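These are the structures, in structure tokens.
Common to both upcoming complexes is chain A, partnered first by chain B, then by chain C.
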Partner chain A sequence: MLPVQHRHETWVFRGLLTIFVFFLLMPILWMLSTSFKAPEEVFLKVPTIIPEEPTLRNYMRALTETRILTYLYNGLIVSMTNAALTTVLAALAAYGFAKFRFKGRKSLMFLMISAQMFPYAVLLISLYPFMQRTGLFDTRSGLILAYLVFAMPASIYILFSYIVNLPDELIEAARMDGADEWLILRELILPLLTPGLITVFLYSFMWSWNDLLYSLTLISSETKRTVGPGLLLTFLGEMEQDWGAAMAGSVIVSLPIILAFTFLQRFFVQGLTAGAVK
Partner chain B sequence: MALTLPALCLFVLFIFYPFLRSFGLAFFESTLFNPDPVWVGLQNFHDLIQDPTFHRTWTTTLIYVLVTTLLTVMLGFFWALILNQAFTGRTIVRTVTILPWILPSTVTAFLWAWIFNGQFGLLNAVLKGAGVIDQAIIWLATPSGAFVAVVIAKVWLSTPVAMSFILAGLQSVSSEEVDAAMMDGCGAGSIIRHVIVPHIFPTLVIVFVLQAMANLQQIDTILAMTRGGPARATTVLSIEVYQKAFQEWNMGLASAIGVAWFFTIAIPAAVYLHSVFKRV
Partner chain C sequence: MARVEIKNVTKSFGATEVLKGLDIDISHGEFVALLGASGCGKSTLLRCIAGLEDLGGGDIRFGNKSVINIAPSKRGAAMVFQSYALYPHKTVAENMGFALRIDGTPKPEIERKVGEAAKILGITPLLNKRPRQLSGGQRQRVAIGRAIVRAPEVFLFDEPLSNLDAELRARMRVELTRLHRRLDATMIYVTHDQVEAMTMADRIVVMEGGHIQQIGTPDDVYARPANIYVAQFIGTPKMNVFKLSSYLHLQKQLPSAVANGGIPHTIGIRPEDIREDASGALKIGATLELSESLGRERLYHGSTVAGDELTIASHKEMSLQVGQPTTVSFNRGQVHMFDEKGIRLDF
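Right after this comes the complex of A and B.
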């Protein structure tokens, strides 16, 4: 903590705090404000800060005149499945890397974690024809599998950092007691790993929920679209310039991820930074 | 070993194989009209080196990444210092201001496109009201305006992440050291320079390289806000590859740009991976 003793230092501190809070929250408050305005009020030369006659019309339009509910449904299916898959696979792999010694362990782990630096659009050049050949193009399963590249490398590393700190004696003791490997993983490791698992689940959920590029390219039919491209194509297409509905739609698709965060943030920030900062 | 197999299989199929195949495709000609790849050796790279628009993309990318990354780390650093102080409502401020980071990228793009809107945007209204400008600026339709907009949008969404990492790093700065410097009569500025920055320098480096990697990969907000325009002012490498591949269907050339792009990301990635593998 820094010393703030003098009066002018207190004012400098408060000023900086206000500026940062304003910069970070103003766009979100502006989105909320616009979403509750009637069309006439959205398009004023001198905008009102707080809606004079708050209305839900934008929300009604976003919900009934667009396919936003379909996008939400697809987004939830794809993101939940991807997050579950990433969490399970990363936990298994991280446990293998952290507590077993095998040949090529280090290089294999290096290879997996370094996948973070493969340019995503470049992978897409080959994923596209690959998905078409295998029948995974324009399917939710294809998108789920393609999404692995986003969160999996970091997830393996985060969980690795957790497991590597668990004492070996604990596992040894369980083995001595005759517990088989599966039982050790399920009853001993996974419970101790809960904060890490939550972190990784949320992290991969966030990546797939928020993505635009992959979903835009690998999904072609409107009924399978997720929220990112769904929102974009709706409000660049037939509803262009309908900023009221665009902001209402933005609020709606942000709600699931905000809800998830409200409940799990405590684990999340801690888990994510624990791995990278030492 | 067996535990890593499921992950490995999916890695090979959906990450390593497409990556290597794209890498190889850089040496072939493959376009919409001739989709079957024909070996052309280094021709694609040769074309790129000769192409002035590619040079421009390259410069745009470097400026975009450097400006965005530096701003993010600096703002994240000062924001972390502020949140490290004791004040009423600190927890709620820290929780709520994480929001920019978790919003879908399309939403981020919409928010900023709406603020930067030339006719009804908040920014123009404020600037006009303050007497800074007389005429509305059509931000997203002017090259420099659009560039500023995509930089601000990305800095806005990344500042909370940078803050989280740096705040975690600040916990390891001992209060004794800060107190000792205070006793010596050092002010806040001097403590930041001589005690805090040297202490958390490794953290700052990691945050910098992670952000540089992320900014080199960044495509979503730019794609949704400007689609690389106007007049290619916001066309960075990611946008260029996407457009060459999925609008012009020139897969060979797109892959060649991708190779150059990969080796650029590899520079910050090397620093990051080095720090990760020191501890394995």
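Right after this comes the complex of A and C.
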């Protein structure tokens, strides 16, 4: 049995944890709850958590009366392409930084990582005219490129931590076996890097999927809009606020991320903690 | 025929020169051990031979062909790494057949060669397992198997037994020696363990500070060490070394100069050559401070009257009392003499 003092500490800890979990889960619970409520129930003075008369009307409205499917399609195209490109390019860069010695290696790596130091919004100011001048403004390619700039530094660093821990002797053994650098990367490094690659893929996918600022600024056509700005501009206008449909839309656009996480979260946690202990 | 010639090989890492002009000539089928303490350059030399490091200068020839501009995989050498370096995501069979697959060898041929190598090493039941499912000794065999399937002219071993426990190491020593006889290939074996070098090698290259201190058969380096470094490095416990100027009575009993004009400065006596009594021709006063039993023999540690460290290895329980002054002795034929620079003098 625990001493009295320890029992008190345990209860304090549990209390704090409960408050923390409440604040973490409340918005999700609220989103789910509201998405099943009729419009009149949404604005009750005493809000309900469990809808009195659950309805799928919000979902129907979100799917049929808005362009949410277009936003989903655009979001998937942009996020998948960004995630795939980030993963491939970051793996190549990280392999180079981790296993090859060349002049300026450390400075170059520092330069790449230092892109993280600039506030997200600040770089948009310089990216905006660049996109306009290069004809990439209001294109999905331009948006992908912008996301790539921001996802790459952290992704390179994550994969670098993985690769640098792979023994050099493994690569040397492959060289002795006759493998060239591409084969070593394909047959040896990438398979051993799977958790790291999944981590980076998920990270960059989430990054672009959840973005609002860049997508809102760099995309002006309704048909190219992604989920963040799409939801905002559709449901939360100045004159009208359709919270029920907005929440139903939010649930729909959260599904890809929830599904991806459910299947891949084991790798994601492994990936983020890799190299923490030897 | 895989004769390996190492000619005036140098190598530096930045400003640090790690190989300082090495020359070694290894005959076909010979088993040569590169022996030395950590940092002596033995692994760097092996990596240069493998092609994993570029040379600073000099030449390495396999047969009559210089290999310094040839890719590691094309040199006809296979290497067994200290950590085994098995590909963790591949099965044992895939690990062993990887080089052949890259080479474009047909699948049935790969299977046949892998099967043969596995049979030699007794690892046939392990072919479908992955490295993490194997013990240290099994991984070691797989690493050797990966080298064997390539049928190289030269095998390079980089401290392959250092991760194994003492019993397994002793067993693997015997297996590697058998394998060498069976394959009739040239083998170059890096180790810091003199027992491995002494038991397996046809010749030992003793290295220190990027230099070769001596090349010779195991008996040669033990019985006729070229200098004080080799004398003290080879043999456990290490050779006792005394400056003659501290033992004037010995100076009178030993030659003051040898045939080649060298003047004895230091003498060395192996611990097992010292008698625990005064029956030998040359005597030294000593005090023994502690003894260690190794089962088969007993070691006595103490100091001489001149204050030098003294170790005696005896197969019998000595009658002398620990802590009491006594006289120990040895014969002239058991004395190794060295000049002021530590170079061996023969008399």
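Methods note: the second predicted complex is superposed on the first by the 254 of 278 C-alpha atoms of A that agree within 3 Å, B and C clash if a C-alpha of one lies under 4 Å from a C-alpha of the other, contacts with A are read in each partner's own complex, and residues count from 1 in each chain.
The rule is short, and it goes like this: a contact is a pair of C-beta atoms (placed from the backbone, for glycine too) under 8 Å apart; a residue touches a chain by one contact, two chains touch by 3 or more.
Remember, predicted model here, so these are calculated numbers, not experimental data.
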{"item": "Superposition on chain A - do chain B and chain C clash or fit", "value": "fit"}
{"item": "Which of chain B and chain C A:130 touches, first, second, both or neither", "value": "first"}
{"item": "Angle at the Cα centre of chain A, taken between the Cα centres of chain B and chain C once the superposition is applied, in steps of 10 degrees", "value": "100"}
{"item": "Broader residue contact with chain A after superposition on the shared chain, chain B or chain C", "value": "B"}
{"item": "First (chain B), second (chain C), both or neither touched by A:93", "value": "first"}
{"item": "Partner chain(s) touched by A:261 [first = chain B, second = chain C, both, neither]", "value": "first"}
{"item": "First, second, both or neither for A:31, with chain B first and chain C second", "value": "first"}
{"item": "Nearest Cα pair across chain B and chain C, whole Å", "value": "18"}
{"item": "Shared contact residues on chain A - chain B and chain C", "value": "none"}
{"item": "Complex contacts: residues of chain A adjacent to chain B", "value": "1-4, 9, 13, 16-17, 20-21, 23-25, 27-28, 30-31, 34, 42-47, 89-90, 92-93, 95-97, 100, 102, 105-106, 108-128, 130, 145-146, 148-149, 152, 156-157, 160, 206, 209-213, 216-217, 227-229, 231-232, 235, 243, 246-247, 250, 253-254, 257-258, 261, 265, 269-270, 272-274, 276-278"}
{"item": "Residues of chain A touching chain C in the complex", "value": "167, 169-170, 172-179, 183, 187-188, 191-192"}
{"item": "Of chain B, residues touching chain A in the complex", "value": "1-4, 6-8, 10-11, 13-19, 21-23, 25, 75, 78-79, 81-82, 84-87, 93, 95-100, 102-107, 109-112, 114-115, 117, 119-120, 122, 125, 129, 156, 159-160, 164-165, 167-169, 175, 178, 182, 187-188, 191-192, 203, 206, 210, 213, 216-217, 219-220, 223-224, 237-238, 241-242, 245-246, 251, 254-255, 258, 261-262, 265-266, 269, 273, 276-277, 279-280"}
{"item": "In the complex with chain A, residue positions of chain C that touch it", "value": "50-52, 71-74, 77-79, 81-83, 85-89, 98-99, 102-103, 146, 150"}
